[in-house]
Amino acid sequence: SAQSGKVAMLLPGSINDQSWNAAGYAGLQKLKAQGMEVAYSENVQAADHIEAMKDYARRGFSPIIGHSGRFLSAAQRVGPEFEKTFFLVGSGSGGAKNVISIDIANEQFGYLVGVLAGRMTKTGKVGAVAGLEGLPNMIASMGGFRLGVKSVKPEAEVRVVYLQSMEDPAAAKEAAFSLIAAGADVVAGKLNAGHAGLIQAAKEKGVWATGRSLGHTAIAPERVLTNINEKWDEVYVAAVGDLKGGKITGGYHAYGYHTPAARGADLQYNEQRGFNTAVPAAVATEIEGLKKKMASGELKVKPTKDDARGGA
Amino acid sequence: MIEDILAASVRIGTPLLFAALGGLLSERAGVFAVGLEGMMLAGAFAGVIATWLTSSLGLGLVASAAGGMALALVVVIATQRYGADQMVTGLAVNILALGLTSFLLRGFGARGEAPVLRVPTLAPWPIPWLADLPVLGAVLFRQPPLTYAGIVLALGVAVWLARTRAGLTLRAAGENPYAVFAGGTDPVRVRALAIVACGAIAGLGGAVLSLQQVGTFTDGMTNGRGYIALAAIIVGRWRPMAALAACVVFGAADALQLRVQGFRLPVSSYVIQMTPYLVALAVLAGVGRSARLPAAIGVPLLRERK
Amino acid sequence: MTATITRGLTGVGAALAIAALLVLSSGKNPLVAYEALAQGAFGSPDRIAVALNKVAPYLLTALGVALCFRARVINIGGEGQIALGGLGAAWVALTIPAAPPVVLVVLSALAGAVAGAMWAGLAALIRLTRGVHEVLVTLLLNFVGVLLVAEALHGDLGEPGAGFPQSPLLERGAWLPKLVKGTDLHVGIVIAIVAVFVVHRVLWHTPFGFRLRVRGASEKAAAYAGIDMHRSFMGVMLISGALAGLAGAIDVLGVHYRLIEGFSSGFGFTAVSIALIGGLSPLGVLPAALFFGFLETGALAMQRAVGVPSPLVSVIQGLTMVFVLAAIALGGARRRV
Amino acid sequence: MLEMRGIEKSFGAVRANRGIDVSIPAGRIVGLLGENGSGKTTLMNVLFGMVRADAGTITFDGRPLVHHTPHDAIAAGIGMIHQHFMLVPAMTVAENVMLGWEDAGAWLRHDAVAQRIAETSTAYGLDLDPHAVVGALSLGAQQRVEIVKALLRGARLLVLDEPTSNLSPPEVARLLPVLRKLRAEGRSVVFISHKLQEVLDLCDEVIVLRDGAVAGACPVAGATRETLATMMVGRELPPPLARVETTPGREVLIVSDLRALDDAGVERLHGVSFSVRAGEVFALAGVDGNGQAELADVIGGLREAMHGSISIDGDDVTHATVTRRLRAGLAHVPADRATTGLVSAMTIAENLALRESDAPPFRRGPWLDLAATRALADERIAAYGVRAEGGDALVATLSGGNQQKVILARELGRRPALLLAAQPTRGLDPGATRFVIDQVLALRAEGAAVLYISTELEEVMAVADRIGVMFGGRLVGVVSRDDADLTTLGLMMAGAA
């Protein structure tokens, strides 16, 4: 019964963060629009992961989506007890049988933003602000970013600063300021509610920034180059569809340019365009080219932990 | 470099400063200010809502103060009217504020979903001539209005506490409320007013975050700053200017932490993030003098009720 | 006693009444919501098991806090001490996975207690040798302790490739035994309740407990009574740290079966609240902890079942705390020390 | 000037005031007498608006005072100096005076107020430094702060609740003229005291309370200590215990060249040496603040000795813990009974165990022996005549005299080799004072050594075999009881001999 018609989602934060949780919630809304019964819990603390999953499982929800890698542990705990229920972990990193991790190909999007940053920087210094150093998806994003920058400007300096909380916009703003003070003229990153602070910093200091949702363009239309607009709605719809079709089972599935049905995310400036008009056409074209290479498998980005290291 | 770090210290320290000044008033009057976190959050929230509704940052600031005061009133009623324990009441209103702001925010969106309310931020007001001073100009005189307000407020609170009869009464309420009563003033009223003032000022501290630094409200955006402000009060030994210094030092530790991360160090970001706290501990341990709490802090006033 | 309970219940009632208005304003039926809350807390053995598992670490930590506050040692470092307890337990469980099951779980739990005690002892040491007020030391060490767990999970203790900072799953031998088949109820609650009676006994029936009470009632009288203020400070901090550390260990060994970043988030302050609402008496802490555990469990279940907005859970919790406190305080009975 | 009619006040089951009528004429000093717990403080608290009466009316200067607060009382011209001073120890004299005083200005006029404090204290001979921190002042000086406060606020009726309990004779000698001067200015004074001689010297008339009711009132002219005492107690006091002749034995306490600092780090004890023999009472007289408090603390183990040595029964305890001193045979009745000698939120039984919870009978095995403790409490309550419901009564609910008895029961009950008693009769009514002195003498008769520290010369003369006088942190002279007379002792205490 992969398809009970009832989908539940657990979110680690608030659905109005314009970022990670909002994207997940959008996915749930899309499933609802397709006629499914949905339920969700926000701000689910580590202490309550297992209990919440079991509760939904008992009440017949399937799949149960944990919208963060932090739900994987609980899913692996609960999964064997509820063999007929599917557990989808967004941004997870593994699984077996009815526990399935899906993620967007962070390394691809990080890499493309890196290329963009490398092309746009005048000072030869770019920076990024992120959280949770060392997690696979952070390694993918930040490592991909550094590799992307270096691929077009090997001599460029890439600084990454990690924060304790991904939900603290004021702290993110200060982190961005510290990068800008060190000479960075493009700031990227991967934060949740905190990301707005990063954009705000770029706006005030007049440097380029990349966002994580179209909402970020709205904060500083003139400073945002593009956003890694994560399409968790498409991902979840695709994943639920794939589940029904039996196309995915336990393990890790990444959505990116190599999965044309649901690419997981895209670089978007607004509904109409991919990039800020300030981005030279040549650069945009270059990036489009890279996307194609990724789609064909010709370009595979494989960041290491060291690529995602903090500091320069 | 030094200029950049100092300016960052002042920025990071500003919201802490407001909260610390408010908390200092409350604690000098004899009431633990554990609720600072919630008061800041309420202020941050009310400021954004009011600014969004009225398009006026001025009204937003007023609302911030009012938001903090509203939560402070809960503390007043629970602790002063009913004699509830100050520390738990503080913790309780922090939880309450976290939930209530998030809940009310949803009231502004369709279908109970939280909207994104974006408001303009308070722009820096460079002070003519002074702003062009080397180093000092960037650090002190090219700041947004609430930063100036914070510094002026610290001075004001210091002078008010030391030089006015009202300030004297407030301090006495924290040392020996019965002496205040015997002197002809109702210490419960003094404490109540101090808590309300604390709420207003801490609320403005929230506005520093939401209206001056970020331009929006997100759930729990104070992120523990109220507790750091409590630490700043103790480090500053309940004196306004010393608390200001403590806030700047905390700011500096954080600013340094971010900049140190920018270099390539052989340790992880988690270790570097510990440094502000370790530095604070090391400095305090180095100074090695114990702090004396206001003598009657936390002591409920047990008076006959008729 | 019964009067206190009556007043406490009145407080709960008032809080729920106000929260009902908020539920109503979010377009849900408060009666349905509260029914779900009750069901979520007490509706089945399984629900009760979940709540009791929640109660165990609260209870242990709050006991330590109560002892400290009694002795007028303001230890608000529960959060950090729990974190270190979890870390210690996980470290031992992962270091000697081949040990026989009973040995493994006992050693791991002990390691948690020791780690928590050491963390509290460090705070006490800084207080005693450098005169930095314990409120400040314990508060700051909370932040450091939580980051230490993150650092450990980032390093050797972390599960390679995990999607979140967490350790590998612990060996089965390190899992706390279950109490009731078919539910998740583990022995933590038994340990915690035993601790209640032990701490009660210590506080009211031993010279050590007597000294703690004297020390808390009057520092001058304590000096006059020949009580070594430094030793009793260190003593009560170590005990309280050990209890909090044990709480952390129990959560890791009984609920998660691994160390997870943020597993202790918010426990420390909740424990302070429980200790104070429980009147700083071990026997009073027990109902207070039960109340918190069941309220939280019920409220979270209510969110899932009825779909009331999640912030309402915090609102209900905050309101209930304020009202219960005020209601109990209004009784105004002077507490014996 | 003041009329109080039918004042009723109960605290729970305790009827502290039961229908009290008093009237205070203008320009008179009226003594208010009564045993501990007879309702004096309560009556005055009602007058000042600190507590609200259950029934009764108050008229001051022809105007009724209804539901008034201290603020109204002060405004009407009533000043009160509380038994427990209402001062903020962490603040300066000037700050304390300015607290709640409108004339201090919304913006505090520090200098002007300091000036006025200086003037007033000169005019009344009060000798106060406006910039001194109150917590560092002697109790006498703190009391002068209270008086200055009341005078500056223009009090026309001044209530002093046991103003002399904490003062040394010279300090008392300085206070009384101040009060007479106030009377000469046409103000009235209500003077509460347990010291009948003072009352006879100072007052124009007395009102005596017993069990919350007026037991009598009379002009001082014609009254004697005996008649007043009889009025207070309702019966005649037995004669004091006779001193038995003892031959002083071995040296139990030897103190040599002791020096110590006070809390502020100032040296207050500049090398004091003496010894006390078994069966002997050695009394230390002296004005408060001349090092006696520090000396008592150092011997009791509450303060570190900077230099010198202390031995008890041959045991060097200079740096020993309190516990070791207890084992060496020390008993200590501290001057500050409320917060040092007792834990007021604990029961009588627990307070008896306070210093020996680790030893039998309070402890059995690893546990506290609560039954034995309670039994001991009942026994001591009976033996020492503590008026309480039983061993489980909270000390906070006892009157001051009964609290003191609990301390004595604990300390004397241990049959000590050495008793260190600091100001043991402070604030006690004549009956309770007599009890304490009797106990000390009984202990002496049993062969204990007693170091008796007091500011009361009369009391010192009654108990001591030898009398030493402390001045400026030194022992300035030791005289035997037979050679002592009040005048020379008084001169020595003033540093003049």
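Annotations
When the chains are written out, they are named A, B, C and D in that same order, and each has its own residue count from 1.
Just so we're on the same page, a residue touches a chain if its C-beta (ideal position, glycine included) is under 8 Å from a C-beta of that chain, and two chains touch if they have at least 3 such contacts.
What you see is a predicted model, and the numbers here were worked out from it, not measured in a lab.
Here B-C and B-D were compared by C-beta pairs in contact; the pair with more is B-C.
Taking each chain's centre as the average of its CA atoms, subunit B and subunit C sit 28 Å apart.
Mean C-alpha positions place subunit B and subunit D at a centre distance of 45 Å. If you average the Cα atoms of subunit C and of subunit D, the two centres end up 46 Å apart. As a whole-number value, the distance joining the C-alpha centres of subunit A and subunit B reads 34 Å. Under the contact definition stated at the top, the residues of subunit B that touch 2 or more other chains are 102, 106, 219, 268, 270, 273. Among the residues of subunit A, those in touch with two or more other chains are 14, 43, 133-134, 164. Shown for subunit C are the residues that touch two or more other chains, namely 147, 154, 309-311. Listed by chain label, the pairs that touch are A-B, A-C, B-C, B-D, C-D.
Note for the complex: subunit C touches subunit A at residues 46, 50, 54, 147, 154, 158, 161-166, 169, 184, 251, 255-258, 260-263, 265-267, 297, 300-301, 303-305, 307, 309-311.
Those residues of subunit B lying in contact with subunit A across their complex are 1, 4, 8, 11-12, 15, 102, 105-106, 109, 113-116, 118, 121, 209, 213-216, 218-221, 223, 254-255, 258-259, 261-265, 268-270, 272-273.
Interface residues of subunit A facing subunit B in the complex, by the touch rule stated above, are 13-18, 25, 43, 127, 133-134, 159, 161-165, 167-171, 173-175, 177-179, 181-182, 193, 196-197, 200, 215, 218-219, 309-312.
Across the complex, subunit C is touched by residues 300-302, 321-323, 326, 332, 334, 336, 339-347, 350, 353-355, 357-358, 362-363, 366-368, 370, 394, 396 of subunit D.
The touching residues of subunit C, when paired with subunit D in their complex, are 204-207, 209-211, 213-214, 217-218, 220-221, 223-226, 228, 334-337.
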